[in-house]
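Structures incoming, each one as structure tokens.
Each of the two complexes below includes chain A, the first together with chain B, the second together with chain C.
Moving on to the complex of A and B:
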């Protein structure tokens, strides 16, 4: 007996985006699909890619992370090498968190120097994240754009700063991550604004803001699904690869609290908290995941099928 | 596909006799299209109209009930493919397995561990839903006794994974608790006859859609009415594809032969069960059987389920009002926050940890977090001043000092302008409240003279 299931077909296709690598490294290519994720239908030329975050600021790591990345704290270049050659990260998300005045207060030039070091230490594609302080980021992104010795992506361009970030990226041949606070209309708007500036769509990723498991994940899940459906249905401004940053998962009490015996081993639980967040993002349609636990590079890549 | 008002109208007598309680046949058709009326109100509808409209009104994915009473589990009965289209209604049920051949003490310990898999999150209890009893012994008497013991100890409905003989024995023992019969494929017919005779739900397991179609037909022919489809995938990837196909057949094609709630056995050596379970919670798994009873696995999975099955139109929220913590008196601190459950329970927990009796004011912010509510204009100097004036807090305390969330420090001036209250800006994260409250001196809450 044959059963013919209803397979929806879509008029649109997600734009293919390449995160360039240095000499000898492998670029990451995502996008290009015309179907929903994880399903054996339509074209999926590229599997989602899993990368790792490197933070430059001092921070108290949850137990699950302290064990594995703790030894690299204060040494972004060494961590970068380990992420790539030891743990299989396909790209790096370098958060210049140390440039935030509340967290260490490295100067803008220190941040730019770290970017250069990391780029020298590995040939893997790199996305450089700001520090979250509007003022500092306004100086940091141009400095990073200039300092980077090869093309990277700058994260993030939002309504307030997109001219500056996109301008710096254009001048030096970088890409940008367009950011919006879990809102499909703002996501579209910022992509329109970038397009109006003449920024090439093939160098834009969408970051819809990822709420962690138990702390807003459901909002992200539905926004990612809606952005993807809109893109596949023909909305060119949303037909872009989606990046989900799983960092918020580690802010959950459940990801680190060791005082509740009924919750099971906190090291495994923390890892699972990030993993479940990432799996939900993949199911919704994410093309790039940024995780922090090395084991989750492997775990999430298992589900990142085409 | 759902019928339009016009499709429905064409099936009605078009005499406008008003006996249905609506002025015209068309008005009645419009109500039906909106899902607000059913065809039986029209005494003149033809048999064909009744059949067509009756079928269209029944849920596209049938509802299957397992268990009875408080712990009853509902599978299926979903109406959309994406939660943003409306909402997902019936959370993926999670069954934790136990083998019937374990020594008594191990069996009891395992059952106890399953019973412990219940957690409180944002005021809701999230827990595993069923116990799946795997027949390994092959001994019908033993299997039936273990079924009785598992049900008695947990009160959870059972999934009976057993060949025909032990299955029948267990159905004798615990049939009244409405377990899900889950025979292996080779015992499908016997299992289906048992399900028919005892009016119990049946899980039909066969490989892929090609296997399920005839197997489900066999079960129906044997008289089993309440069915769950297990496509027996070999890996997570196949499972997601199968679950999606079943759900699409129900919602997009209104298929009645295959479109049943789905079940997956992620134990017994299934590769990477955690990964498969997380993906199936997102993508259409109705029932998941798992071998792990580790809370470090289950708390994240149950939280994911809680997240994805909340109504996107309505965040989980609490009633606005005054919430006493401990036994507050007239000089106890007054704190304010929003009525988003996540915010409320986080702040409440942190105030409790401070061991200082306090009064917590909960603002009506449509269930939004502090910053979200502020950004949406629902948590403002005006709204807070109004609440302070109207909620009766002035009669509960002698002082006029309000502790504001640190994230909205900018509201303090406006509140002080519009009310008689003085504002103290609290920490940004409520986790800092215990030390913050301890540092505050009693003078902060001395009776006011204004």
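Moving on to the complex of A and C:
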């Protein structure tokens, strides 16, 4: 007797979103699927894409990162080139962390200048992240939107600032990353609000906030899964590609603490911590992963087989 | 009576069109018909033609085609439609004239800027989308009283409006010392015809920020009418040309305010004296609301001070709380009877009062709004409690005619007055109920006789409201409201809030849900059609089941609103109290969140029970509810109602107080409350059953629960 497994089919399809590249670069296209991740059934026109983060502010790098990206500290354009041509990042997430008054305190115009430098240094798609300070970001996003010499994505638009970020993106033809704090309803609401403003859906990514392994990953996993199921079930506002930023994985003590020899080599540990977080996000349904360790670009890209 | 006006618009349109034609012919003769024509620094050719027609204009002959099209829009016959179309023709022709005049850049002497380039539009547009530029004021003409006009423009600048000036008023404002330029978001465009640059700015805003493509005229007009909150202040006498331009503005849905006598067209053409009245009328007509970044009051204000208690020794002045007559009342009024931001204090104010003064107090807030409903009065009125507590040095307790307000000595020393209290209420009610409130006026009275007179009016209003609340029943309404606020931590939980079953957190009743939906239409409170009544006793409704199924993502397939045993409502974790069955007693117990004891007849205290009730799971026999649900006529209808309650904490009995006894009397068991056991009587099922047998609790004779 043969048993035929029941294969669920979904009425919805995830909207296809293109992260545009500069001249000579390859754009990243994600979305377009009508099935759950990694499974054989359904259409998966685009495999998830793995990109790398570039931070502009001063920071103490965990041992695993210090040895590989440490040498590029203070030179975001050089790091950008290395990420793309050396390590295979398909897109860049440029965090203007240096504009935060508590971490470098670069001026808004300095941040905009860095965006221009990075865009000049590489043709790969770029997502530009704010510094996390509400006041500064309120000035930073319009400045970045104006300074960017080609279309980028602005990260992120949330309930408080979405009008400003969307306005800046509309003015200069950029996309936005809609952000919600691990909450499917807010994720939906912020997308609804963006749609109400007339923001084109094919220029929106969802960032559901990614907790690192051991520090909230399970919540993220569940939310990513539910956002994707809702999208596939026909909820247009959630039928959008999902971006998981793995930066939080490095905030775990286990990923960076070298003072615990019993936990094994801290460099390997850190890399694995990020990798495990990324693998879980892929399994949950992420379309875009942002990592920091070059080795993980390769490992996660291999895992993202469809 | 509008006919002369419409005729003038049509004559004006003809004049502008002829001028455009003559000018174009002249330039064509000089430069040839294929000579290029464009505004400097824009991607939108001639923006008005780009936005409203299919025509591509890159050359002088292209501009000729625009004028040909405009000509077809000018028809004889003094009707509103013809006048508005003539207005559209005027805008098309004026944009051609504007572009022709920019052959060598800005044709006007400084400070006039002429055409505003795309780069400025992008920068400012961000703040229009953002809402920090709440609207656009276009001031044109020749002010009879330049000082009053200057005060009006300064008022626009203060509230952050984008201002365009055209006509003599440009020079007048400069002479009055009004600050002009991009930094002040105030653009002197040039002489009157330059007003077209305000129009092509608005059209480009729609093209850039509204996602509108070339020639989508209807979408563009709708964007201009609904999204660009712009109005025109026309100062001085209006000639035919000015009226034709005004008709164009009206065609796009903008409101035109004139300080001369004009026959009014509601919402579109109004006659108001220049100054505050014109400003307020324009903003009201276009729904422009001012957001306060910082409240202009001498004390700190914010949620940080909400929990602050003001002790007797720190109290400077006190109102109500049984020590004097005091009340607060929110009334909905027709818009014409409410002057926004009017704060009136009548009687003794705080300044100079000796410490320990006790005064009577009346706070009457009048609100108006196109989406305001009488039912929301109580929702807004309850917010007074929080708003007053937000002040550092102001404390509010209770509500209605039991209100009790204390003002600290420190606040009075900082110069706090009752007008400041009014300002707090004014600004915060506006901010919190932005979508439903357009105008707020506050009256504060402290004279004994005024308060006494107001009190009887207020009591009548409370009585009327209570009577209305009694008629609001689950059977009488067709919609309930959802609350999915808690899905962040209980992903599949959906609260259904009906008139007779408030949210399990106790914080949201049906009216709150209704107001919540009006305030945030995309938010957690959504109207839910009851649909088919499947079982009136259990509270099973087709529409509710569909909604809950969809929003619990297929986890909760059906839900009965009035049952604890059969498909009960799920609980998030915020419940005020928990109901749990005691099988031995054939009834349910109720334990409130504050109850710290571990001993109850079901063997678990509140916190242990909470662990098994919450999380959005249906657990027949266990349910989290709001305390006041116990008083509802729909309370556990499927299981026999209040008579099922066999045990309740002492604290809850006290909190529900006389209302619980009234409800017991209503169901014909006036001594029920005394028959319900509490922790002093029974903490085990055996003790409970023996108590029930002693007092003859009605649950013993109800049908078995299991």
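Everything that follows uses one rule, which is that the second predicted complex is superposed on the first by the 303 of 306 C-alpha atoms of A that agree within 3 Å, B and C clash if a C-alpha of one lies under 4 Å from a C-alpha of the other, contacts with A are read in each partner's own complex, and residues count from 1 in each chain.
Here is the rule we use: a contact is a pair of C-beta atoms (placed from the backbone, for glycine too) under 8 Å apart; a residue touches a chain by one contact, two chains touch by 3 or more.
Remember, predicted model here, so these are calculated numbers, not experimental data.
Q: Clash or fit: chain B and chain C on chain A?
A: The answer is fit.
Q: Would you check which partner chain A:262 touches, where first means chain B only, second means chain C only, and both and neither mean what they say?
A: first
Q: Look at A:11 in the shared chain and tell me whether it touches chain B only, chain C only, both, or neither; answer first, second, both or neither.
A: Once the two structures are laid over each other on A, A:11 reaches no partner at all.
Q: A:146 contacts which: chain B (first), chain C (second), both, neither?
A: second
Q: Examine A:200 and indicate which partner it touches, taking first as chain B and second as chain C; both and neither are also allowed.
A: In the superposition, A:200 touches chain C alone.
Q: With both structures placed on chain A, which of the two partners, chain B or chain C, ends up touching more residues of chain A?
A: Here the partner covering more residues of chain A is B.
Q: With both complexes overlaid on chain A, does A:23 touch chain B (first), chain C (second), both or neither?
A: neither
Q: Contacts for A:229 in the overlay, against chain B (first) and chain C (second): which applies, first, second, both or neither?
A: In the superposition, A:229 touches chain B and chain C alike.
Q: Considering the aligned complexes, could you tell me the closest Cα pair distance between chain B and chain C in angstrom?
A: After superposing on chain A, chain B and chain C come no closer than 5 Å at C-alpha.
Q: Residue overlap on chain A between the chain B contact set and the chain C contact set?
A: On chain A, the residues that contact chain B in one structure and chain C in the other are 222, 226, 229.
Q: Looking at the complex, which residues from chain B come into contact with chain A?
A: The touching residues are 82-84, 116, 119, 121, 209-210, 213-214, 236-237, 240-241, 244-245, 248-249, 252-253, 258, 272, 274-275, 278-279, 282-283, 294-301, 303-304, 306-308, 310, 312, 342, 369.
Q: In their shared complex, at which residues does chain C touch chain A?
A: Touching chain A from chain C are residues 121-123, 125-132, 208-211, 484-485, 487-488, 491, 522-524, 553.
Q: Taking the touch rule as given, give the residues of chain A at its contact with chain B in the complex, in rising order.
A: These residues of chain A touch chain B: 1-3, 5-8, 38-40, 213-218, 221-222, 225-226, 229, 254, 262-266, 268-269, 272-273, 275-276, 279-280, 282-284, 299, 302-303, 305.
Q: For chain A, which residues count as touching chain C in their complex?
A: Result: residues 142, 145-146, 163-164, 166-168, 170-172, 181-186, 189, 192-193, 196-200, 222, 226, 229-230, 233 of chain A touch chain C.
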